[in-house]
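After this come two complexes, each holding chain A, first together with chain B and then together with chain C.
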Partner chain A sequence: MWEVIKANQRKSWVLFSLMGTVLILLGFVIGASVSPEGGLIGLIIALAIWIIMSFVSYFSGDSIMLRMSGAQLVNHNVHPQLFNIVEEMKIASGMKHMPKVYIIPQEAPNAFATGIHQDQCAVAVTAGLLSRLNRDELQGVIAHEMSHIMNRDVLFMSFAGTLLGSIAIISQVFLRGTYYSSFSSRRYRSSSRNNQGDGVMLIIALAVAILAPVLTQLLYFAISRKREYLADASAVRLTRYPQGLASALEKISSSKLDLTTATKITAPLYIANPLKQKGKKLSDLTSTHPPISERVKILRGMQQGVNLNDYQVSFNKVKGQPELLIPATALKDKDPLSLRQGSSKKKGPISPTQQAREIGDLIRRVNDFLFISCACGLTIKLPANYNRSQVQCPRCQKKYHVQKE
Partner chain B sequence: MIGLIVVLALLILAVISVVGIYNALVQLRNQVKNAWSQIDVQLKRRHDLIPNLVETAKGYMKHERETFETITQARSQAMGAQSVGDKAKSESALSGALNKFLLTVENYPDLKANQNFLSVQEELKSTENKIAFARQAYNDQVLFLNNKIQMFPSNLIANSFNFKQEEFFELEDEAQREVPEVKF
Partner chain C sequence: MDCPVCSNEPMIVLEYNNIEIDFCQSCQGIWLDQGELELLLGSAGDSDKITKMLKEKVTVHEKPRRCPICLKKMRKIELGDQRPVMIDQCRQKHGLWFDRGELKDILEQLQSQNDDAVLKFLRDIFTNST
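Up next, the complex of A and B:
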């Protein structure tokens, strides 16, 4: 496992400096197009924007991500199974800290992990995911998310994300600025100094400003896709049960719901692309996640064993052409890890009303509702701000004492 | 003069490498201990859960006294075990007893629907998984340590400072190695 992390870090640095170079180039060219000596100033401004944004993302990226998604911190009582599974995966991965567990009160099935700092990592899953998956499938999903934390993907993706954001902001400001000022300043410019070098520089700057965000975005997406495969491979190594993750992915992809709190920048952090409607028509190049059908096929193809090498073999078979997915040093990992048998019963398709009820109950639990089951079979659900000390069952009129911790 | 410096340098080098290897061995031994305590925590948790499970099930399964007795016996035996080998043996016996018990539960649909029972069952299932994962981590660490103790040159230092090879935590046979089948 450690080889994967090391190789990831090396690769991350290469890509990171590549994107950084694009940003510096962008700043320089824009500065130079404004005035001949402005190159350096533009470069410094671009760097300043980047540094400030990196600071923000380093110190509060986790909480921003969690707040944006609307996730809520939960304890063991809200969903014991989820909690247990996270603890199991913590033991399996040998992580020192127990991640915090969040539930996103939404119906679309999805999950993500944050963890710029190892000791403050967190996993978040939606209520819709919990109601759809059985234990084995949920274990697969959690293992995938914990692998992102373990492989330092979260750290890298958030920094790459801010870099991408800085580039996008700078080029947007420049493009709009030149567009609006091109009419007003044309007369002034042509009369004051007829400098041809300025015009050439302006054209170069425009070209860079248009191309830079596109190029870095493609780069970002390419890395994001590779990391998804790698997280799948690590997840299977942890759970030793590829079928669980495979069928979880199938269930997630069969849902047509969009996660309303996800954005384009946060999308790569989720287990499956949360923006299905928008992402569907775009080509493979611009998608943040590999096609789910392919991921499932690779997982289902792992018949021999579950180590990283087995995943690579299955990956090559599905893709048709060998592409080195997992760092060569990690492929020495040839421990004969055998597959485990599935242990959970299949959770078949439940009726939409039943599912809506489960999700509703879960969201109520997240919001500290008090559940009292009456002898007549009715469950009374009291909101956290219910103040009276007694409650009467609406069906059988029996009275209950309300106990709050 | 030069000869003296060379000898001195070699001596210092030797001391440094001995210290380095010794520290690495200590670190490995501590990691093994830590991994073992992880397993121990989960085994204890399982022992704590079993009375709960039995209590919940008793009301529903009046004619299964034998099954309950086997479990209780296996539990007390497992709690008394000391060495790694003993523990492995008694714990796999306990797993077997639990397995059988959970198979019998299939015949009691009322029990299977009981909320209390379901939550105890979930805790038990999770503990089984945690034991399996902790065992995996422990055996990895033991392998590292034992390799270091056997291989040259660290074996010289390991022998002179009396580092001992640790036992693997292996469960008896393949069938019992499987986590007990818990149906939901």
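Up next, the complex of A and C:
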């Protein structure tokens, strides 16, 4: 496992410095286009913007991400099975800290993990995911998320995300600035002195400003895709049951629902791309996640064992051409890990009514609703802000005392 | 979710036989979520039936109410042929609001034609209460 983390860090640094070079270049060219000596100042400003953003994301990135997604911290009673699985995977992965568990009150099935600091890591799943998956499938998803935390993917992705954000902001400001000032400044400049050099510099700066965000976004997405495969591979190693994650991914991809709280920047953090409608058929370069059908095929192809090596073999078979996904040193690790049988019963097709009911109830439980089952068969669900001391069943007139913790 | 009529009155949720409604205890009004309505009608097998019976009313004397979900003004629509009942529908299709007794009125009109689970549930609940 450690080789994977190490290799990840090394590869991350390469891509990271590549993105950083783009940022520095952007700052320098913009500065130089304003005045011949401005290159260095532009460079410093660009770096300053990025450093500030990195600080913000390092110290509060987790909470920003959780708040943006609308996730709510839950306790054991809301979903005991979920807690049970998270605990199990924490032990299996040898993590020191128990991640916090969040539920996103939404119907679209999806999940993500945060954990810039290992001791404050968290996994978040949507209500729709919990109602659709059985235990084995849920275990696969949780293992995938915990692998992201273990492989330090979150830390890296949030830094790369802020880098991408800084580049986007700088080039936007520059492009808009030149657009609006182009009419007024030309008049003064052309009469002052010959500044052909400035003109050339300006054109270069414009080109860089247009290209930089696109380029870094592609880099960002490329990193994100690799990490998904790796997290899948580690998840299988943890659960020893590739079929669980495979069928979970199938269920997630079969849903047509969009996660309303996800954005372009946060999308790579989820287990499957939460924005399905937009850019569905765009080229592979611009997608944040590898195609699910491919991930499922690789997982289903793992018939011999559940080592990282087995994943790599299956990966090569599906992809056609060998591409080293996992460092060679880690592949030598030949722990005799065998597949296990699925343990949970197949979650049979339940009616859409029942499913909507389950999701609704889970969301209410997350929001601290009080559930009262009346003897007459009616269930009364009281919101957290219910302010009376008792409630009467409208059907059989029985009165219930409302107790709030 | 607060009642669209009574201010600051949280509605309670009632579930019976897999059917769910939001109910205000002060004014006895009923809110049906859009998804809810579809599920209810879908289970009865004729989801278009009631939707087709809805007609928009142009001249209205009743005060407009706000949708408890999006808080935007709802439109008034009429339901039923012989004795039309005016109810509120969210323009963004979040759901329907029935003032006290309105749902019962509609049920009485539909009673002769239809006897599905929805009506049975609502009759069960509201024939007892006054």
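Criterion: the second predicted complex is superposed on the first by the 405 of 405 C-alpha atoms of A that agree within 3 Å, B and C clash if a C-alpha of one lies under 4 Å from a C-alpha of the other, contacts with A are read in each partner's own complex, and residues count from 1 in each chain.
Criterion: contacts are C-beta pairs under 8 Å (C-beta built on N, C-alpha and C of every residue); 3 or more make two chains touch, one makes a residue touch a chain.
What you are looking at is a predicted structure, and each value in this text was computed from that prediction instead of being measured.
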### Query
When the two structures are overlaid on chain A, which partner does A:G320 contact: first (chain B), second (chain C), both, or neither?
neither
### Query
Which partner does A:R135 contact after superposing on A: first (chain B), second (chain C), both, neither?
first
### Superposition-derived comparison: chain B or chain C, residues of chain A touched
C
### Task
Examine A:R395 and indicate which partner it touches, taking first as chain B and second as chain C; both and neither are also allowed.
second
### Task
Name the contact category of A:I91: first (chain B only), second (chain C only), both, or neither.
first
### chain C to chain A touching residues, read off their complex
1, 10-18, 20, 23, 25, 35, 39, 42-43, 124-126, 128-129
### Query
Mind pulling up the chain A residues that touch chain C in the complex?
352-354, 356-357, 360, 364, 369, 377-383, 385-388, 391-392, 394-397
### Task
Over in the complex, which chain A residues touch chain B? Could you list them?
80-81, 84-85, 87-89, 91-92, 94, 134-135, 238, 340-341, 343-345
### Message
Can you tell me which positions in chain B touch chain A when the two form their complex?
### Response
38, 42, 119, 122-123, 125-126, 129-130, 133-134, 136-137, 178-179, 181-184
